Structure formats: structure tokens, C-alpha cells
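Consider the two complexes below, in which chain A is the common component and chain B and chain C are the respective partners.
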Partner chain A sequence: MSPRLFLKFKGAYMSKKDNPIMSWYKKLSISQRQTVTAYLFLLPALIFFFTFVVTPILSGLFTSLFDYTTKKFEFIGFGNYVKLFSNTIFLKSLKNTVKLVVISVPIIVLFSLFASVVLYQKNAVVRSVFRGIFYLPVVTGTVAVVVVWKWMFDPYNGVLNYVLMKANLISEQIQWLGDKRFAMWAIIIILITTSVGQPIILYIAALGNLDTSQIEAAKIDGANEWQVFRHIKWPGIMPTTLYVVVITTINTFQCFSLIQLLTSGGPNYNTSTIMYLVYETAFKSPYRFGYANAMGVVLAIIIGLFSLIQFKLFQSDTE
Partner chain B sequence: MKKLKLFDFVSMTLLTLVTVVFVFPFYWVITGSFKTRLDSLKLPPIWFINNPTLESWETLFKQPTLQWLFNSIFISVVTMILVCAVSATAGYVLAKKRFKGSKVLFSMFVFAMALPKQVVLVPLVKQISFMGFHNTLWAVILPAVGWPFGIFLMKQFSETVPTELLEAAKIDGCSELKTFIEIVLPIVKPGIAALAIFTFISSWNDYFLQLIMLNTRKNLTLQLGLATLQGEFATDYGVLMAGASLAAIPIIVIFIAFQKSFTQGITIGAVKG
Partner chain C sequence: MKKFFVLLMTLIMSISLVACSSGSSATDSTPTDEVVDVEDITTLEAEITWWAFPTFTTVDGVSGKYEESLVAAFNEKYPNIKVNVEMIDFTNGPEKIVTAIQGNTAPDVLFDAPGRIIDYGRSGYLVSLNDLVEETGLLEDIANPNILEASSDGETYWMYPTSAAPFVMAVNKTALEKEGLFDLVPSEGDRTWTTDEFIELSKKMQEAGYYGVEIFAGGQGGDQGTRAFITNLTNANLMNADLSEYTLSEAAGVEALTLINDGVKAGWLAANTGGVANDALEHFTTPTNSTFWAVALWSPNLHSARQEELDASNIEAIAVTLPSKDGSPKLEYLVNGYAIFDNKDATKIAAAKEFVKFLSDDEVIGKQNVLATNCFPVRTSFGDLYEGDENMSYYASLTKYYGAYYNTVNGFGSMRPFWWGSLQAMIIDDMNPEEAAVYFDENANLTLDE
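Then we have the complex of A and B:
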């Protein structure tokens, strides 16, 4: 229905003076009316939010206390949580997840910052071409990107082994994705290429918004490039850095598609992350839903802690 | 000054070299889809197309690819429309109205955004099956609409609507709905455009949600279909490349066409907020 038509309908409906809803509305004070209107505008959002976000969160918390499978639903208190921390596969996945975050987040943030500092004063065309290129893997989509990387890493038909063997750097084919020494690094490399796009966009915008007069003044006072960066630009983009760090950390913690598509957590759970394990526990036999939910809750708590620490660290740095 | 020029030159060279890693997958996918099966497996790799052929594309379309393409488009378009409608109204009210519970609601939205989506994985699937949507396209659309990112973004944009304008409208006796449609919407239109593109791209590429919600072959999306083909056509790279091109090209075209709007969209929440 077009907005105009809708207004017409509404007008006709509202004009009835004896309408009980209207007469109730008229009796309200101005601030009460504000509240009613506000909630009417919010209604669609709230319906979706409560049905598909809040309810699942609560029910996830609740069912994590149950031995819950396709056959059973039995209250076991914190049983799932206790079991988790003696489960070697879970602990391995936890270690992998943290490793993934600790290695890739700093690289992603530093590279984005570096690229943005170099690019932000270039002319608009150069800037937007580079920005577009760095965003390309995000737009292309993980599944399509993985098709190419899988070929590159293919031990027999792939280009990586071919080049390395031609250069006499290796003597036999390496199973990049099947060898526990390399599999995680292969994932990290792809993860980095699919993650720097957004931070670069944000940093370029943030640097562009900086107050240029301050930078000019510092330069006239004889500050060198590094001093200008350290004492003016860096504090100026601190809120963006905080945002980038937190968002990248959250996203990396949730790394899933790459792993599911490239290694399915293998070899022997060496690339499994908590997110991947949640998926495997819940959607593969024996379908342990309660157990999977408990893992999800633990992951949420860890992410929460990391974000909190980052906020504290960067906040003290801004002051 | 000389040192600075050198730094700039070295950095630009470095960045340009690095772009190869970003552009190559895209280039390889498109050229690969036009190579013969033998050519796509050859080592050393054939960097350009020798004997262009459409055989991979033909094999690809023997699969229910058109159905997948339709599903992807349907999911992205409907999600985009719903997200924009829901977020524009909610964002406006949160930015411009004072009412009981507004602070609590807003913190709830922000808190939910910080939570990893996938924590609610199992309950979400249960919820969707309970409502009878499992393995339908709505199973992917509805949860994406519940995600409050759009509300957050539209709140940021709605802050720019001048309060005096809203008050003037009220004095003139303009109804709330009319005020929203005739005054607020035109002002926040750039925000809606940005949100629309952002939502379209992210729901097109939301492999995870599609994976857990859809399972019969005719209900797959391009992303899922392509992932399935990877199992079936393990080393038939031509078909996989054709599939990957089909999944990537529409979205890249959209991205390039709307890059400005898009950039503005993902910037506003973070940089100015």
C-alpha cells in the first residue's frame, strides 16, 4: 500500500469521533501519548527482536542446564559446563579460537591502519579503488573465495605446491589443509584477506574527519610526521580503533564458514573453533543440543570478557 | 620531506603488491569458469583463457542453479525491505522521542549486537521449526530482521533530523505518521539507502544462517548450492568457478554501483557515533 493511500485510510478511520481507541488516547497526558506513539512505531522491531533474538537467548541459557538431545530432556544443573572443561576436544577448540584471535586481530588492525594512513590523503579515485579492492573478498563471499583458495592449497593440482617445488623449496607435496602444522595458518591467511575491508573503510573515514588545522599547526611548530601521527592522529582516531578492535575480535571469535568449508575442523580438530564445535555438536549425531548451548554460552562469556578488557585498555589510553 | 616521499613510495608499492592477493581470487574465478576442464587443472596454471568454452556454465545450469539464484535474490530483497522498514521507524523513535523505557530498550539492542549471533544457534532453529518455517526461505529472512544492527544505524541517522522541524509539524497539527512519512523519511533517506545495500550484501553472503536453516536441494541458495557442488564436483574447478562467479558477480556489481552509499553506511555508526 502506498503511504498516501495508507494515510487516507488512517484519516478516515481516525476521524470517527466515537472510536473507543481514539477516545482512550485523547484522555492520556501528553507524555503518555508520546509513549504510546513511540511503542506503536517500535512494535514491528520489538516483535522481531523478541521473537528471534531475546527468546532464543533466554531459551539457550535455560536449556544449557539440561541433558537435551532428540530423545532426552533432563535437568542436570551445571553438568554440561562441568563436562565441557574436561572435554579435550572442547579445550583444543578453545585454544584454537584464542590463537586465531590473538594472531589475526593485531595483524588485521595494524594492516588496516597502515593501509588507511597511506591511502587517506590520496586522490578520491585512488582511494576508492584501493578501498574497493580490499573490500572485494567480503563482497565476493566466503564460499566463492574458498573455491579459489582450496585450489591454491590443493596438494596435487594446486599452484602453491607447484611453485614451491619448481623453486626447489620443498621436495614433496605438502597437504596444506591436512597437516596440523599448516592448516591453521592457511585459515589465518584467508581470514585476514576477508577481514580488512571494513576496518580500512572505517579508518579512512576517521582520518578524513580529523581536524586539519591542528595538524597544520603542529607541522608549523616543527613536529615530524611520526610525532604528528603519535600525538594528533592516533588519539583522534582512538574511538575508531576501539570499535575496529572490538568488532574484529567478535567476528574472529565467530569464525565458522571458512573452517567448515576448508577443513571441517580437521585434521583431528586442529582447526576446530568453538563456533565450529557448537555446530558439530548440535547438528551431527548424537545431536546434543543442551551441550552445544552450554558451549555457546561459554563463548559469549569469553567474548564479553575480551570486549570489556579492550574497552578498559583503550579507555585508559584515550585519557 | 625526502624521507616522507620514500616512505610513501615504498608503502604504495607494498600495498599494490598486496592487492594481488585480494584481486586474484576474483580474477581466477571468472577466467576459470570459461576454461576447459583440462585447462583448469593444468600446471603450470593457464593464467589467461586459451580456448574459451561455456561447458562449465552448461554443467552448472544442469543443476537447480536458477532456483538457487531465485532463492538468493528473494531472501536478500525481502530481508532488505523488512529490515529497512522496521529499522527506520524504530530508529526514529529512539532518536527523537522521549518515552518510558527508551534507555532500557536501546541498551538491550546494543547488548544483543555484542552477543555472538551463533550463541543462539540451536534455540533459533528450534524457534523457527516451532513456528513452522523450517527449511523455508522465511527461516533465513525472519531472524535477520530481528538483528538490531539496522535500528542502531537508523538511530544514528535520525539524530540529524532537526527537532525544531518536528515541533513545527506538531504545531501545524500534523499527525505522527504523517510527520514520519513526509518529514523524517526524506531526511534519513541516505541512511535507508546505506542500510538497504548493507543488508542486501550481508544476507546474500550469510552462509551460516542459510546452512543451518535450509536443507533440501531445491531450497538452497547460491552460496549453499556452491558449497554442495564442492562436494560433488571436487576437482571440476570449471563448474565450481562458474558457480562462484554467479554467486559473486551480482553482488560485486551492486557494491561498485553503490559504493559511496555503502561506505557511508558502515562508517556512520562507528566514526561519528
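Then we have the complex of A and C:
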């Protein structure tokens, strides 16, 4: 008798027929069996999800209620949250984060839309070339991109100051990353160049999928380009716009590596974002993990609220 | 319902990015006192992990190759102790160590400097090395008592020191000679000079079209360079004598910051509020659009590491002490050493101690390792390892100028962002020098109680 036909239960081998799990399964209706089977297929993904997503979330929420460093772990209730809102550096970082989102997200979305509208009707070769150009900064590692930008922004050996001085546009070096008037704009420029790739790809695909007969009909009826875009193309790509806006907003809120590699939040916290501050608080001495987690929770709530507003704003157009 | 689910997922994903630390704490940690009893220690069986910053000179330009060769040499004597080497870098290494500590995956041996090591020791993560220091006779053999002081928190030795070297500054001899101004640089004896002499030369080099000492304030990389350079200008003290309080806001400290601010505005000093020491060193050794005649951070190991760039740029750099008001500087210094993490396994701890002893005190390997750091041995018994090398003899002669080692005070790591933060704030005119000094002291003093 083949051992594969037997299962070990309570120390004794038994046939499938005697197995209590199999017996229970057989008692289920067909729809219940389908549900159980579906959940079994989902189980591996759910295990990963709970281990690497849900558990850290709960751990983060839990430890945000503690004065948790490498040296202590004391319950302080909402103490971290109370302290946050009297922390001028946190408030400055919050302001910078909102500024970054409010300035860069509309630029990213509008530029992507503009580039896509211009490109989507070009021939396949031109479209592919430009898609490649715009997508290159996305697939290139952030560190590599930042190293090149940092070299360009270098006040003494950088190409940017060199060109501007040679063209007599400036008389002395600009501290692009060390001057509060320029640092945030330097970050925004890099953020835009590294963020437009994906929206452009999505918009070109969405525009290509529009029903051309509607566009042709509108043109025959005398609609101009703007009217065609406003009344046919724009509603048609609204679901893509919603996705692009929400994802770009979330990514911008979580802007971290650019700040860490370029300015370390400086000068004088003028480019510090909440994500950067979370890192600095948790991983620089005195390693205030609980306090950093509280910042993370506040950031998540803010992102949630922003996303809710965006869903509400775009809701009527997408349905 | 779908939208609610999407929003919920958004919230969950956002939190998950920042909520990934475990719940362990230092208070759970109790150092292991268990003793391993083996007749012949060379027969001890264990597997340990060694994390090293790239302090040793690389072999064939390959990071970790030299460290692997040390393990091979160790295994000839201790064949049953397996050592896994992992190289960590100065940018992400400190965070990696903290993450490993929190995840109970800390290495057994760490090669680092006192600033971080003493902090780990105070937090209860390390094994006391008092026994090792006594057993190996280091106390009697030490070249400078300051080094031992730097390796302990006053009660326990958390680091086993092996080599040390002073931080000084360097000048571009080639440029100075070209401008006929090299005679204004102290080039004899201890090469000390006064602040007035330095300012006079700075202004003359500015007139000749050169950039002066770069005040970098974009991060903590090499920030000890700006601290020592600035405080020496007016003989100010960053901390009081018993290292219990930061004192930059005293008259001499404010005077020093004022001098820096004036120098930057007048152009005989160069500001780089977005850069760190590495940028200043690169500007000094590889000038492209701008030439700097001096750099505020230099050491024998930096000199060695940057020699190739200097040669490519046809620059001869020479080390001089930092300028000070009275011509008698207080220098900061680098100490390299080993720490052993308490991973609750007496056998691993015993093996780690043997490994540290071998790397530090072995007749051949010990000296070889000191040379590989381009620093000086902490043991007098190692003698002069750089006999006949005039350059290294000069660095070795500066021991007498070593100042108080404050890198081991409580909260040292937390103080550093306030140092470069206050410099940044002053240079970009967010604060005047006095406000910057007060801001630094107020915040830095809070870190002492961490």
C-alpha cells in the first residue's frame, strides 16, 4: 500500500477517508468548498502579507506609545504624539513635505499629461525613444542619479555654476544644496525628472486605448482640439489620472533617499521631510524608535487624508 | 466598500514603511559571565562574525580582501574558529549595526572607533574588555594614556585600541610656492602657527585667486575637522574641563564663530553648507574649476588614501597643525579598535577575544595591521614602525598636542547634528554667531543626559 494515501494523525496513520479534515471538507457545500480552496491558494501570499506588512504595522503602532530607544522601553501613552506637535523641527519638516507635494505633484501630472498627448500619436519608433528617455531615470538607481546631480550642483567644481559663471549670469558660486533659497528647488527638480517616467508610460497607454470613433465623430461635428481633449480624452483617461495622482502623491510624501543623499535635511532643516526625520530620529543616536514610529503614524494619517480628498475630487469623473 | 479597502491598504502600506523595528530593548541584556574551560585555547571550536569598516588599506583595490587574509592567518593558529568577514561602509554601516542590534543579529567582533563603540557599551550590548586589557599588559605598554581614556566610559573598557593618529590640516605647497607665499607657512619643527598668521596668508591667497579653508556643514562626515579648526582659532573650548557641559557660547567660542562668519562673508574662507569633509578633500586634491590652498581635515591615513589624486593633480600637500590664538593647538585624534558584542554565547565571546588579541597583539599581524591603517601603534613595545619616514615622524611628533577626547561623552552622536546645524544656520544667516553658539550649547547639553 502506498504511504502517500495515508496521513499521520495523533501518532497513527489513517486513510484519507478517516482524516477529520477531509471529513469536514466533504461536509461543506460546493460554494463553501470553493471559498476554502480560494483561501488556501491565497494562504502563501497572506502569510507574507501578515509577516512583512501587518506585523510591522502593528509593531509600529504599538511601539509609538513607548519611550523606546536602545536603552529603554517605557510606556508613555500618547506622549510621543504630544511631543511631536511642539517639536519645531517636526513642524518644519511637515511644512517642507506638504510644500514638496503641493509643488511637485501638479507639475509631474501636468508635464506627464502634456508629454503623453504630444507623443501618443507619433510613430512607434519616436514613441519608444521618448518613452525610453523619460523612463531612464526611473530604472537607473537613485544613488547613481543623485551622484550625478550632486556633482552638477557642487558649488566649486560643479558644471552648473561653471556654465552660469562663464555666461556671466552669476558672479559668485551658488550653494545649490546649502542655500535655503535653492535647496528645496534642487530637490524638486530631481524629484520631477525621476518621477515623470511612469505616469508618461501610463498616460500614453491610456490615450492609445481611447475609442477613436468618438474623437473622429466629434471632429466631424466641428469640435476643436481643446474641446476634444476636454470632453472626450480627459474623461477617458480619468481613472489613469486618479491612479497617477494618488501614487505620485504617496511617493512624494515618502521622499527620502534624495534628501538623505543630497542634503541630509539641510541647510538648517530647510529640506527635511517627515520621512527623512523618521530615519534621522530612529537611526541616529539616541535611536528614538518609538518617537520615529509616532512620526510614521502621523505621516500615514496625512497620506490617508490626502488620498481621501483626491478620491473624493476625482470620484464623480471616474464613475 | 472597495474605496474604503483601497484607502485602508494605502494607510497600511504607508505605515509599514516606517514601522519595522522589533520590540527588543537593551534592558533585557545581561552580559554573559560564563567561562569557557578548554585545555588548549587554540582547539576552541566556534563560528564568529566580524564586521569591519574599510579602515585597512585595501589589497588590489578589493574591499575585504585584506581582512580575509587576516582570517586565513588566524586560522593557521586557530583552525577550529570560523570567522565570517563582512565589510560595512561609513555611510550606512552605523544604521546597519543599530538594526542588527535590534534584530539580535549583531556581529561578534566590530572594528570601529570609540564614538559609537562606547555608546554601544553604555547601552549594555558589549562585553567588558577589562580582562583583555589587563591580561595583555596594554595598561603598562600604552603610548598615550589619552588613548586608554578614549576606549572606556570611565569604568569599563569597551574597546581594545590598536592604532591612533592625529587630525591636522594640509596646505597646497605647490600653489603656495607658485605664489611665492610658502615662507608664510610653518614648515619647521612642529609646524605650529597663530590665527593671525593664518588669516594673513588666507587673505593673500584670496587675492591670488585661490579659495581658502572650506567650512563644510552639510552633514556629520568629518565634522570633527571643523570643530577643531574653529575652536582652535580663538583657543575656545567646545566642552568644559571635566567634559560635563558644552561651552561654545562662552566669549572665545562666539569670537571663533564670528571669525568664521566674517571670513566666509569676506571670502578668505570658503563655505560649503551642503558638503561634508569628503567634498572638501576632493576640492583640495582634485581641483577642476576652483583651487583650494588648504583643507581643515587631514591625517596620515587620509594623506595616504589621497596621494594618487594629489599626484594626478600635480599637487604636493604638506601637513601643518591647526592655527590657534597662542600657537599651541589642541588636536583631535583618531583611535581604531575592536569591540566584542555580547551575543549570549560564552564560546563565541572567548573565540572573539582570541581573534581580537591575534589581530592586535600578534608579533607579525599586530604590526602589519597598524601599518595597514596608516596610523601609529598604541603600544610602545611596537617601536617606530615608520623609521626613516620623515612625513610619518612629523605626525608621530604631534601626540603632545592631543586635546581632551570628548567623543565618548554621553550623547556624542546626538550632539553632532546640532554642530553642523548651527554652522549651517549661521552661514545662511538664519542665526548670528552668538545665537548659533547658544543654540548649539542648549541642544548639545541636553544630549549629555540621554
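Basically, the second predicted complex is superposed on the first by the 287 of 319 C-alpha atoms of A that agree within 3 Å, B and C clash if a C-alpha of one lies under 4 Å from a C-alpha of the other, contacts with A are read in each partner's own complex, and residues count from 1 in each chain.
By definition in this document, contacts are C-beta pairs under 8 Å (C-beta built on N, C-alpha and C of every residue); 3 or more make two chains touch, one makes a residue touch a chain.
Predicted model, so just to flag it, every value in this text is computed and none were measured.
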{"item": "Chain B versus chain C as contact partner of A:269, first or second or both or neither", "value": "second"}
{"item": "Which of chain B and chain C A:48 touches, first, second, both or neither", "value": "first"}
{"item": "Touching partner for A:153 - first (chain B), second (chain C), both, neither", "value": "second"}
{"item": "Touched partner set for A:297, first chain B, second chain C, both or neither", "value": "both"}
{"item": "First, second, both or neither for A:183, with chain B first and chain C second", "value": "second"}
{"item": "Which of chain B and chain C A:313 touches, first, second, both or neither", "value": "neither"}
{"item": "Touched partner set for A:82, first chain B, second chain C, both or neither", "value": "neither"}
{"item": "Which superposed partner A:59 touches (first chain B, second chain C, both, neither)", "value": "both"}
{"item": "Which of chain B and chain C A:162 touches, first, second, both or neither", "value": "both"}
{"item": "Touched chain A residues, chain B compared with chain C", "value": "B"}
{"item": "Residues on chain A lying within both footprints (that of chain B and that of chain C)", "value": "52-54, 56-57, 59-60, 63, 154, 157, 162, 246, 250, 253-254, 275, 278, 282-283, 289, 292-293, 296-297, 299-300, 303-304, 307"}
{"item": "Chain B residues touching chain A - in the complex, by the definition given at the top", "value": "4, 7-8, 11-12, 15, 19, 21-26, 28-29, 41, 43-45, 82, 85-87, 89-90, 92-94, 97-102, 105, 108-109, 112, 114-127, 142-143, 145-148, 151, 175-178, 180-181, 201, 204-205, 207-208, 211-212, 223, 226-227, 230, 235, 237, 240-241, 243-245, 247-248, 251-252, 255-256, 259, 263, 266-267, 270-272"}
{"item": "In the complex, chain C residues that touch chain A", "value": "3, 6-7, 10-23, 25-27, 94-95, 98-99, 101-102, 119, 122-125, 211, 214, 217-220, 270-275, 279, 282-283, 286-290, 292, 411-414, 417, 420-421, 424-425, 427-428, 430, 447, 450"}
{"item": "Chain C-facing residues of chain A, complex", "value": "52-54, 56-57, 59-64, 68-73, 153-158, 161-162, 173, 175-180, 183, 246, 250, 253-254, 262-264, 266-269, 275, 278, 280, 282-287, 289, 292-293, 295-297, 299-301, 303-304, 307-308, 311, 315"}
{"item": "Residues of chain A touching chain B in the complex", "value": "3, 6-7, 10, 14, 31, 34-35, 37-39, 41-42, 44-46, 48-49, 51-57, 59-60, 63, 114-115, 118-119, 128, 130-151, 154, 157, 159, 162, 166, 193, 198, 201-202, 205-206, 209, 225, 239-240, 243-244, 246-247, 250, 253-254, 256-257, 260-261, 275, 278-279, 282-283, 289, 292-293, 296-297, 299-300, 303-304, 307"}
